[in-house]
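What follows are several structures.
Same chain, two partners: chain A is paired with chain B first, then with chain C.
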Partner chain A sequence: MDRNRNNGTKDIRLVARGVNRMPFGKFLYLLVPWLIILAIGMYAIFLCLAKGLNQTNMDNRFAFGVWIFLDLSIIALGAGAFFTGFLVYILKREELRAVLNSAVVIGFICYSGAILVLMVDVGQPLRAWFTFWHPNIHSMLTEVTFCITCYLVVLSVEYAPIVLRNKKLKEVPAFLAMQYELHRIMPVLAGVGTFLSFFHQGSLGGLFGVLQGHPFAFREGLAIWPTTFFLFIISAAAAGPSFILLTTWIASRVSRKRLVSDNVFALLARISGSLLVVYVMLKSIDTLTWLNRTVPSLGLSGIGFFLWAPFNIWILFAEIIVFGLVPSLFLLFGSGRLRTGWLVASSVMVCCGIVLNRFVMTIQTLSLPTMSFDRFMIYTPSWQEIAAFLFVVAYGVIIYSLSFRYLRLFPQEIEMKVN
Partner chain B sequence: MTNGNQVKSLTGKKHNFGMVIDVDRCTGCGACMIACAVENNVPPGPVDATDRTGITLMRVYKADNGMDFPDNESVFFPVSCQQCEHHPPCVSVCPQNAVEVDPATGIVGQIPVRCLGCRYCMAACPYHARYFNWWDPVWPEGMERSLNPDVSLRMRGVVEKCNFCFHRLQAAREKAAAEGRDEIKEGEYIPACVESCPTSAMTFGDLLDEGSEVYRLAQSNGSFRILERLGTGPKIYYFSEREWVRNIAEKDPASALKRGATTD
Partner chain C sequence: MLPWVYGFTWQTGNIIFLSIFYSVVAVILGSFSIAAIRAFRDLKPDRLDEIRWHFDFESLPEFAKVCRHAFTGEVNQRVCRNGFDCRTCKVHSKITGVPRITKSVYSEGEIPFGLKISANCLYHRGHTWVRVESDGTLTLGLDKLAEGLVWSQCEADLPAVGTRLHVNGTGWYFRKEASRARVLSPVDGEVIAVGGRKEGFYLKVNPGNDSDLRHLLKGLEVGPWMTSEVERLEMALGASDGAVSLADGGVLLDNIAANYPEQGWEDILALMLLES
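Let's look at the complex of A and B:
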């Protein structure tokens, strides 16, 4: 029966045994819009590399623009890869094996996409190796550079056995053996990945927390790490499972198949909700400490930061309550009771909350004046900036679609079909 | 008065170069901005450059007392790199040591050939005193003959900032060495902005030299520094006999909004 259903697919020899995939022509047809976006994005990237960053709307004040904000966001959303690996291999939550492969692909897409955009974002991409050659060990960006690069290597090695398990590739004995050997070191890679992720997620928060020149972002902390270091780790760990839940649901809807059992959704929701509750609590304590101690010690009024429209107090309320506390309670207490749709909606809110937090740390920080005779500024990204970022989105959709079609991302898929 | 990088130079003498700008004398003419650009081979901006993308290593800001006419008073603040001496925000953030403090002079220097162009230092600087080369440096034909041979050009994609015309210090040192002296004399080394100021509002020198004019002015009652509360120890001092001007340096930016300042 399966064979019959896949009859329309010219690439049947590549499709995993026991699963149904849409006809090859339809698959290509669905990818066309994304390929167009990819082409436009490539042109925008070419312009930025060939003509320089004058193609963007960044300026001397908005030295960081939409690219850094979105990089921070997708790296946080990609945290599902390390956290799922940590839960499966280290904490032995075997139920999550159902989404582990998908999480690795998502992580690989997020990190490789972020590094790609970073390479366009820096003024001298060919000098990227300088950071490794004469690193400033005091810089959070050095820590980020080292950890992200190493972690992308880890993700690539984690991705490799998933690719090598492809039905056609498996026919090559060397690939099969390699896949088996790689699989054996997965727990070690999961441990290394977790270590690296903790540091770079934290350091991304530290990037802004150490900015003593920007009281809006500056935070006190423990030893050399500002509180944003820890908040970024927890928020990424909370958002990661939500993003996995969301992408699994989208894959399920697009392919019109059940890919994982409901209890996997419930578990992801519970994990995300629990971590988010902790995050919201710590973020609230951090905000109150910052408002009542850090900022007044600099002779400023904390509320003064929220007088600049459009970034008024609503943004703090939205970040902590609307996109923090509300979805965390839904996910935590509704995981066993609510329909999957509610959990998906809550996950979307969690992801929005994390993105909003990264927006506040990057864009709002730079928009606020530091000197009294300074100006509040806003910035609108150029089409090249938006197209280059959409390039990453299209790249992600294409890589994920290809992986879903030809690799076994959801081991429960066959089981779900039988049931 | 000054702490931090009070390291002995190779000759054994301590230097900590700094500046005092008497804003009561500053007319906001912008001569310092022009002199700085010419001296440091800053290329003319392309037609689509704006005041947010052009390079002005020295930039003059205008502020006022917030009163209505006829009580309104203005003041101009020439702002360049403030040469912070306590954990300069730009130094610690640079991932590849492209920003360094010269221990012999206290001057915070930028090394453009090592700069990756990540712009983290620009985000870190509270004075917005760092500038990115958004375009290739291009001069109109013939104008390249006016370039200063002592200052190397910066390419597209790197950050630059004021370095107190460090090349002038090197020239002064060479002159002193040629004359058989170990040290330069006061006044032998001054940045281009100081030299060009028509009202002599800027005084430059060694903040550790107790006999110098810059030391006297920096110690005087009317001296103040911008954003001193951040604890970065800027080595550019400002001077005014007007209290409201001195207060501006530490005023909460939000207070300007309360008086109806525009938001862009």
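Let's look at the complex of A and C:
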């Protein structure tokens, strides 16, 4: 059977016109492993919600476990949604429309996944509204909660017209009209999304301005905003386009189709590279300031934090040089010259760098001793924590696969057939 | 931090935060409400047709949106951004005002791929033709390429006499079992008679006072456009990750759809009739 044609595809009536998708049976077969992971993760989440956090290996010392690390990481990687929307609707970079729908789906997956994990971490989901009704006025995370919730609503509204544009759904007149009108308000939503993203990405970094009990992560800055407030915004804006580039490439490889033109890859690389250069520069200044002023003012030695294996000085070198400076130069100066494979490899490094940064700011921060009687601690997540983590990954893969199959995520796909 | 919470104080920080938060919530809810109200108002057949065409045109690949003046060499590689409506296109009005210089490979009336093109017909990009009758009425039909895609067993679902048609709105449908394909109306006007495949036309339309047909292709434009459409059809029928072979000769089969039974009939016809 010719796999490139939609014959044998039982759900052909739902597949967009002009594109070819694998047979429905094969699609289901490929989803089975992810569905199994999803089921195991669901059981783990049930255990955590029913029995409490004793199902995890977190404790009073390790209050930031793998979940918070995951949260910070996927929210940073999901920044591609707001940044692409900002570039298309506000700065009018029309070339990026080719990946805009995909970016929205990825943003939706990342933010809904993050909120899902937060729900398990915080517990008592039926009382989630307490956060809004009785907010903790002393917590930066209140602003984060407000912003993330609002932004998830924005992403849902942005995702809705993509879903309603499905070949079958748009035959319903009300859906057709609604998706058209939702499209018309997209510039407003893109502006709101950008505003919210800037603040919640920043507020996640702002947390470290009050973390005085952990000098490894504590940062000073301007008024109530520590330097990490700005670094989190810039790093997320830099990683977002790289993650979009990477996911587009993966979708292209898995489906064995060209989905966007090379100049879209090049533009994403250039944007990501430019922002990453700025980030690396500011991060270097921040690190030097922290080493030479912040930590000494607390009566400690900055280098002393890097003497604890396995988190030696290599982690700082890897974060700033290997996964920061090197890919930024590749992306910035190689976007017009290098082959797509190099850009993809550089994007992988950028994403690793951001994930490593979030790891350092959470797990490593809590591992290091802060008091003279403290000792270095290693935290190993329980299977429930890992299963809940993988649940979000599987959830993302399934939602993206379904969206790719039934929705028009890449408008250039038909054109790419002939190029 | 919120006014209803115990311990709330009217401090500057709280007021700023609340103002921003409620402004954002108001913008989101307000925008969504406006969209919902507008969508409700859009639920009229004419408006829905406009919206449908807006998305259909937007979804067309760039190579299917080539400007008519690029077919004749009057402009170089221009893509239409005006929904194929030359009546409101500034570029069209400028170009038609200057003498023609053409590099079209087809002379007027020449037939590419064995497709018959009538010299006294005007052609719409949705594969319909329009013939202006001596009494001022318009006769509408389907061109040979689209006729070849429509299966013989399928039924034409034609509008009733008296129905008002709009350019790029719904003209009529072809239905076969649960599938259907929409044919775009090439003109504005009121349906005064209906025909069918046997009659050689599908509709007769009275355009009234506004019979502006500037958006329809004619003369030297038709040959190159038809050639590009045959290429588009070959791409739709071809494999996705292999190179598409574009033959530059030969004659199209009379009943193309019947010769490609494994293809989704509805999809191929819809794509050629500019439906996304």
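Rule of thumb we're sticking to: the second predicted complex is superposed on the first by the 407 of 419 C-alpha atoms of A that agree within 3 Å, B and C clash if a C-alpha of one lies under 4 Å from a C-alpha of the other, contacts with A are read in each partner's own complex, and residues count from 1 in each chain.
Note that a residue touches a chain if its C-beta (ideal position, glycine included) is under 8 Å from a C-beta of that chain, and two chains touch if they have at least 3 such contacts.
These numbers were taken from a predicted model, which means no experiment stands behind them.
Participant: Label the relationship between chain B and chain C on chain A in the superposed model as either fit or clash.
Facilitator: fit
Participant: Output check: A:I12 vs chain B and chain C. Expected answer is one of first, second, both, neither. What do you get?
Facilitator: second
Participant: Would you check which partner chain A:G341 touches, where first means chain B only, second means chain C only, and both and neither mean what they say?
Facilitator: In the superposition, A:G341 touches no partner, neither chain B nor chain C.
Participant: For A:G123 in the superposed arrangement: first (chain B), second (chain C), both or neither?
Facilitator: In the superposition, A:G123 contacts chain B only.
Participant: After the superposition on A, what does A:P135 contact: first (chain B), second (chain C), both or neither?
Facilitator: Both partners, chain B and chain C.
Participant: For A:L189 in the superposed arrangement: first (chain B), second (chain C), both or neither?
Facilitator: Touch status of A:L189: second partner only.
Participant: Using the touch definition from the top, say if A:G304 reaches chain B (first), chain C (second), both or neither.
Facilitator: Only chain B is touched by A:G304; chain C is not.
Participant: Rounded to the nearest 10 degrees, how wide is the angle at the Cα centre of chain A between the Cα centres of chain B and chain C?
Facilitator: 150
Participant: On the A-aligned overlay, A:R408 touches which partner chain: chain B = first, chain C = second, or both, or neither?
Facilitator: Only chain C is touched by A:R408; chain B is not.
Participant: What is the contact status of A:P369 with respect to chain B (first) and chain C (second): first, second, both, or neither?
Facilitator: A:P369 sits against chain B, while chain C stays out of touch.
Participant: How far apart, in Å, are the nearest Cα atoms of chain B and chain C after the overlay?
Facilitator: 9
Participant: Would you mind listing the overlap between the chain B footprint and the chain C footprint on chain A?
Facilitator: The overlap between the chain B and chain C interfaces on chain A comprises residues 133-135, 142.
Participant: Give every residue of chain C touching chain A within the complex, in rising order.
Facilitator: Residues of chain C touching chain A: 1-2, 4-5, 7, 14, 17, 21, 24-25, 27-28, 31-32, 34-36, 38-40, 42-43, 47-48, 51-52, 54-55, 59, 61-63, 235-236, 238-242, 244, 262-264, 267, 270-271, 275-276.
Participant: In their complex, what parts of chain A are in touch with chain C?
Facilitator: Touch list, chain A to chain C: 2, 4-7, 12, 16-20, 132-135, 137, 142-143, 146, 150, 153-154, 157, 165, 170, 173-174, 176-182, 184-185, 188-189, 192, 195-196, 256-257, 408, 411-412, 414-415, 417-418.
Participant: Quick check: in the complex, which residue numbers of chain A touch chain B?
Facilitator: Chain A reaches chain B through residues 52-54, 59-64, 121-124, 127-128, 130-131, 133-136, 138-142, 145, 207, 210-215, 298-301, 304-305, 307-309, 365-366, 368-378.
Participant: State the interface residues of chain B toward chain A in the complex, per the touch definition above.
Facilitator: Result: residues 46, 48, 50, 52-53, 61-63, 77, 79, 87, 89, 92-98, 114-120, 122-128, 130-136, 155-159, 226-227, 229-232, 248-258, 261-264 of chain B touch chain A.
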